[in-house]
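Input: one structure, supplied below.
Should a chain be cited, it is by its letter among A, B, C and D, assigned in written order, with residues numbered from 1 in that chain.
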Amino acid sequence: MTNNPFPLPKDELLAAYRTMRTIRDFEERLHVEFAKGDIPGFVHLYAGEEACAAGIMSHLTDVDRIASTHRGHGHCIAKGVDVHAMMAEIYGKATGACRGKGGSMHIADLSKGMMGANGILGAGAPLICGAALAAKFRGDGGVGITFFGDGASNQGTVLESMNLAAIWNLPVIFVVENNGYAESTSVDYATAVDSYVDRASGFGLPGVTVDGTDFFAVYEAAGEIIKRAREGGGPALLECKMIRFFGHFEGDAQAYKAKGENDYNRTNRDCLKIFAGRVTSAGVVSAAEIALIDREVAALIDEAVGQAKGAPLPSARDLLTDVYVAY
Amino acid sequence: MARKISMKQAINEALDLEMRRDPTVIVLGEDIVGGAGAPGEIDAWGGVLGVTKGLHAKHGNRLMDTPLSESAYIGAAIGAAACGMRPVAELMFLDFMGVCFDQILNQAAKFKYMFGGKAKTPVVIRAMVGAGFRAAAQHSQMLTPLFTHVPGLKVVCPSDAYDAKGLLIQAIRDDDPVIFCEHKALYGSECDVPEESYAIPFAEANVVREGKDVTIVSYGLTVHRALEAAETLAKTGVQAEIIDLRTLSPIDWDTVIESVETTGRLVVVDEANPRCSIAGDVAAHVAQNAFGALKAAPQMVTAPHTPVPFSPVLEDLYIPSADAIVAAANKTTARALAA
Amino acid sequence: MNERIKPIVMPKWGLSMAEGKVTGWLKSAGAKIAVGDEIVEVETDKIAGVVEAGDTGTLRRVLGAPDTVYPVKALIGVIAADDVPDEEIDAYVAEYAAHAAEAGDEEEAGPRYEFVDTPAGRLRYARRSQTGGGDGARAIILVHGFGGDLDNWLFNIDTLAEAGTVYALDLPGHGQSDKAVKDASLKGLSEALIGFMDALDITSAHLVGHSMGGAVVAQTALDQPGRVSSITLISSAGLGEEINRDYTDGFVAAASRRDLKPVLEHLFHDPATVTRQLVDDLLKYKRLDGVDAALKALSSALFPGGRQSAVLAEALKAAPTPVLVIWGESDQVIPAAHAAALGDRARVDVIGEAGHMVQMEKAGRVNELVLNHITA
Amino acid sequence: MTPKVGIIANPISARDIRRVVASANGVQIADRANIVLRALAALAACGVAEVVMMPERGGIGGHVLRGIERARGQSAARFPRLNFLDMKITGTVEDTRCAARMMALAGDVAVIIVLGGDGTHRAVAGDCGTVPIAGISTGTNNAFPEHREPTITGLAAGLAAMGLVPPAVAFAANKTIEVSIDGGAPEIALVDVAIVTDRFVGARALWRTETFRELYVAFADPEVIGMAAIAGLVEPVTRREAGGLALILAPAATAAMRVRAPIAPGLVEMVGIQSWARMPAGTVFTPALSAGAIALDGERELFFDPHQDVAVRLVDRAFHTVDVAAVMQFAARQGLLLDRPLEGARP
């Protein structure tokens, strides 16, 4: 169909879907594998929140930098980090993205502009100010995006960074991924004024709230905000209202959620379903094309898990390397 | 060529030279220019004690005043370092680490390792350390041991202007995060410093005085106290060898061990509080690795296990004195036993 | 002042020397003294050396106490003939002290290091000429060796000024000259020397070179014979292939005091000469930006693989310039055997109990030989 | 039965993309709470004793209660009694609809004061039945609520609620536009319905003029901001006169006629116009565009595909609002707020 009413050409629509599907399958698979006991440590899953990562990262290139959260797999995949290296890292293997030294919470690939998932909530905000400052000094047009949750939005680092970004007019976008829960604590309890846009206003930053389950809502708003920042318009805040399909971490019984909440959200607020429904009903993408991506992604994740399981473990020697560039 | 300048000037010169050499070097901190946005003069302060004065005129907006917001700007310096810049961030007083420690402890120090070696964070965090300014408990601490404890960080503490310049230049060129500790009581101290750029390698202790009877290991201000003590000791026939560690992480164990193997006696002088201090670290290392060479138990001369007091009479008691060093040295020699 | 009484003073070895320590007397009071006799050992924070007699007579007073520090020019001994009465000597000593107090800061106005811009960069040099006495028209240029600087001539520059105006320069990459070495070959260094002479309007000069500096002055004599009145080659490179790689490579590689000290000990007959301060000063030099690159460039151009790349002996034999060769017998850097490389084409002196830095260790003898050679 | 006044203050409105693409602003939570306090003080001055308010979790209610508490500590009875509706809070527009329904069903709510933008007013208007609305604008892009000091709106609402002003004077009828897809339950717009080529809701706000195709307005006021301004600059139609206006739009580059219209705060854009016509009440209009999105009062809310039928219809006298200007004029003429404490002593 030549008449594409969406703000992305068809190939980019397909790419966005592939990104979201890859994140979803990656996370769903981790949920299963974690339960088997093969995966060490803490794992925080991004399933349900894919539209946010994909909608924002569709506007970025490797020159743009992101600082992620503890729930970073989605950001990594959308920013182009290799899925095989990620999976191997989560399994603690020598072939992992961080050679098995970081794990799920610290996957990074600076060559892709991914400055790391981060186990310290709110820590990415100052870092991304630095990334944006570097971009400004270099004049390379890069922007910095820092992701944080509704919980971490109460960290001083985030608020200090908004001030810093504002006074230095840094190309920084503060993205609040508001899934309603800071671990198990409701946003209504933990946040004095449930308006992150108001907080941004306090620093003179424009803020926008969008439905984070709607790829196009995120895509459009992020597009305008990123363009503005790239052109020197300064920092802004984007709040994405999202759904977390799983618990805070794997093993979380989610007793704090309402009865039926997950089922309702899976049925009615699944960003992949919403996206696929839109593009197919508009006739731009066929159901067969969607199905093909689904199959390809499933195979990719199978392969990644298989490779990760078979990959070598780090050796004792690796314990002592990579602490310093030179010491 | 060399001329006498103060440690303050030496630091200023190091920043100037490195900013000239490398366009990715930027300097940020509170009041490092001074007067930003105010109706009066720009470069009104040049840092709270004037260390960066005049650099703004030479390098313009590569020096940036920051809001009083240590988490944000120390973090920004670290983020910029991870993105190819070589920022020098001034924390003013190292005591302020409390409000930005996460960015140092969990971010800068960890990136290289946590990301499997695929990151480097060439940031320098300059900060004043040490007592003697009647600045009381929150502006006078020698917090070096807190940083040497953290793998991934390098910790430097020069004792004179020559070392300050060469070590700061090395710190800026170094690819790892460096905590650069400047003893405020030494800012005015002068010595011969070449005009040219030079870098002093890390983990290269300086033997500032040679002696055969007792090894005194120190860094920063107390190196000078140790030198005073050595003069006193010399009058009684005890020749003290004084080692200025210069860098605390990495640390030059070889020089310390070699010296102790000659003298058989060790006194470690540290302005930090005693528990888990540099003094304790050095004493333990020597005991473990050169036990056979020791003729007496190693002695530690440190600040007491108290906060830094305000009243001058108390603060003077707080800082390790030359007399205390002499007493400790005598304790390691038979002379003390005979007395 | 009584002209029959001659003072022995704390010497000033180099601009930075302000004081020195008497470490021991080699002659005791009442001993007969001849010119050039080693009288007293003095140590500065940089170097240990010996004060040689400039006069004949009897050592009438030993004033400098061992292990005591005296300022430069302080009276530490008195030489006079036996028939000078003790009262006169005591009066002299008293007067000397009073005079020294008056002289005060005068010395501060003494010669400073100077700098000159040349095609090879900005070069530092020291200049000495004696007002009255010496022959100001004669130019003498002292050229240090690999990794050295003009202070290598600490014990020579003042004495040699008796024969003319002495210049000691820092070659490119050395001392306080520009650290960039544009051409690290012998030709390049020789051109730098000619550039130095041009910049100071020195049409011709007696060239004295030590080690690598010897090869440089030899090259200059070959390329510009009209501008070179004579050459003196001290422990010189360019006379054979052998060179101690432990020294050349070790000097380039050493980054710490611990590494550098044993390397420097190769330079002297008496390894104790290598003081902590000497090592520190060289380390300070080696740390300067550009020095490492300069030394590596020179080392790989001149001593690749532990062999000297340029041997000029045959060419020198055919050249007209007068040549003096001086060597320390126990040289551990370049073998003293090379002293014979020019056969009877040159005057040769191999000095005992001296190493590669023979001009420092046996300064009196070297100065005497050079003065004779230049004024011949 | 003493009449009550209802207050619906929406904490979640006004965070749309126009803050970025233009320089729109919004009223912050704390300021919204202050607006409520000002309105409450005005209501108390009119004799309103009890107010019911929609609960929310954005912080307005808490701030208001703290304000009342502080006032109570300082002096007495500046504010009426305040109660919150007993309802489940979802944090979505459904809260607004629910509160409007409950206030309508209660029977003793005489007027509902609404804080919000066009979207909030639309949600209330759809569910408040016959209870009149007194609107206070807090949104970005508002054409419907008047911009006025909330104390005055509070006074007018209070006077009207207490029956001190005849309903014929106090309350004005308003038009709406209904949109239904495939004959389903209609959605309403208070000001305008725009048909755009986007086939997704996205960031909701309208700011890319090249996507504009059709526009239906209940009133066309050249003094207001937003899509209605396009119509207002072509042919003004007041809120009170019958019928609206329907316009066929076109890309500005190729249009026969263009209007420079303030389509959002700080955003004055060239919009191409192909034709326009009066839109009588009750007549069904069918968009010519076969598929796209439908924006209600400036926000994309619905989308339709080629196989779907879209019907657009103007409704006269759909709901009522407090006519603040008329009430205050009446109050002045009748001396409703005059007081003569020394009257008895007059000669």
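A few points about this structure:
Keep in mind that, in the parts below, a contact is a pair of C-beta atoms (placed from the backbone, for glycine too) under 8 Å apart; a residue touches a chain by one contact, two chains touch by 3 or more.
What you see is a predicted model, and the numbers here were worked out from it, not measured in a lab.
Note on connectivity: the fewest steps through touching chains from chain A to chain C is 2.
Chain-level centrality, scored on Cα centres against the all-protein Cα centre, points to B. The most distant chain from chain A, with centres taken as the mean of CA atoms, is C. If each chain is reduced to the centroid of its CA atoms, chain A and chain D end up 37 Å from each other.
A separation of 97 Å divides the Cα centre of chain C from that of chain D. Distance between chain centres (mean CA atoms), chain B to chain C: 39 Å. Work out the mean CA point of chain B and of chain D, and you get 65 Å between them. Taken as a contact graph, the chains are arranged in an open line, each linked only to its neighbours along the path. Every pair of chains that touch is listed here: A-B, A-D, B-C. In the complex of the two chains, the chain A residues touching chain B come out as 65, 67, 89, 96-102, 106, 108-111, 115-116, 118-120, 123, 125-131, 133-135, 137-138, 144, 156-157, 160-161, 163-164, 167-168, 321-327. Interface of chain B with chain C (complex): residues 1, 21, 162, 166, 194, 196-201, 204, 206-207, 210, 254-255, 258.
Every residue of chain A that touches chain D in the complex is listed here, in rising order: 5-7, 188, 192-195, 197-198, 201-202, 206-211, 214, 216-217, 219-221, 224-225, 228, 236, 239, 278, 281-283.
Residues of chain C touching chain B in their complex: 113, 124, 176, 179, 255-258, 276, 284, 287-289. Residue ranges of chain B in contact with chain A, taken from their complex: 24, 26, 62, 64, 66-67, 69, 71-85, 87, 102-103, 106-107, 110-120, 151-152, 154, 174-176, 203, 250.
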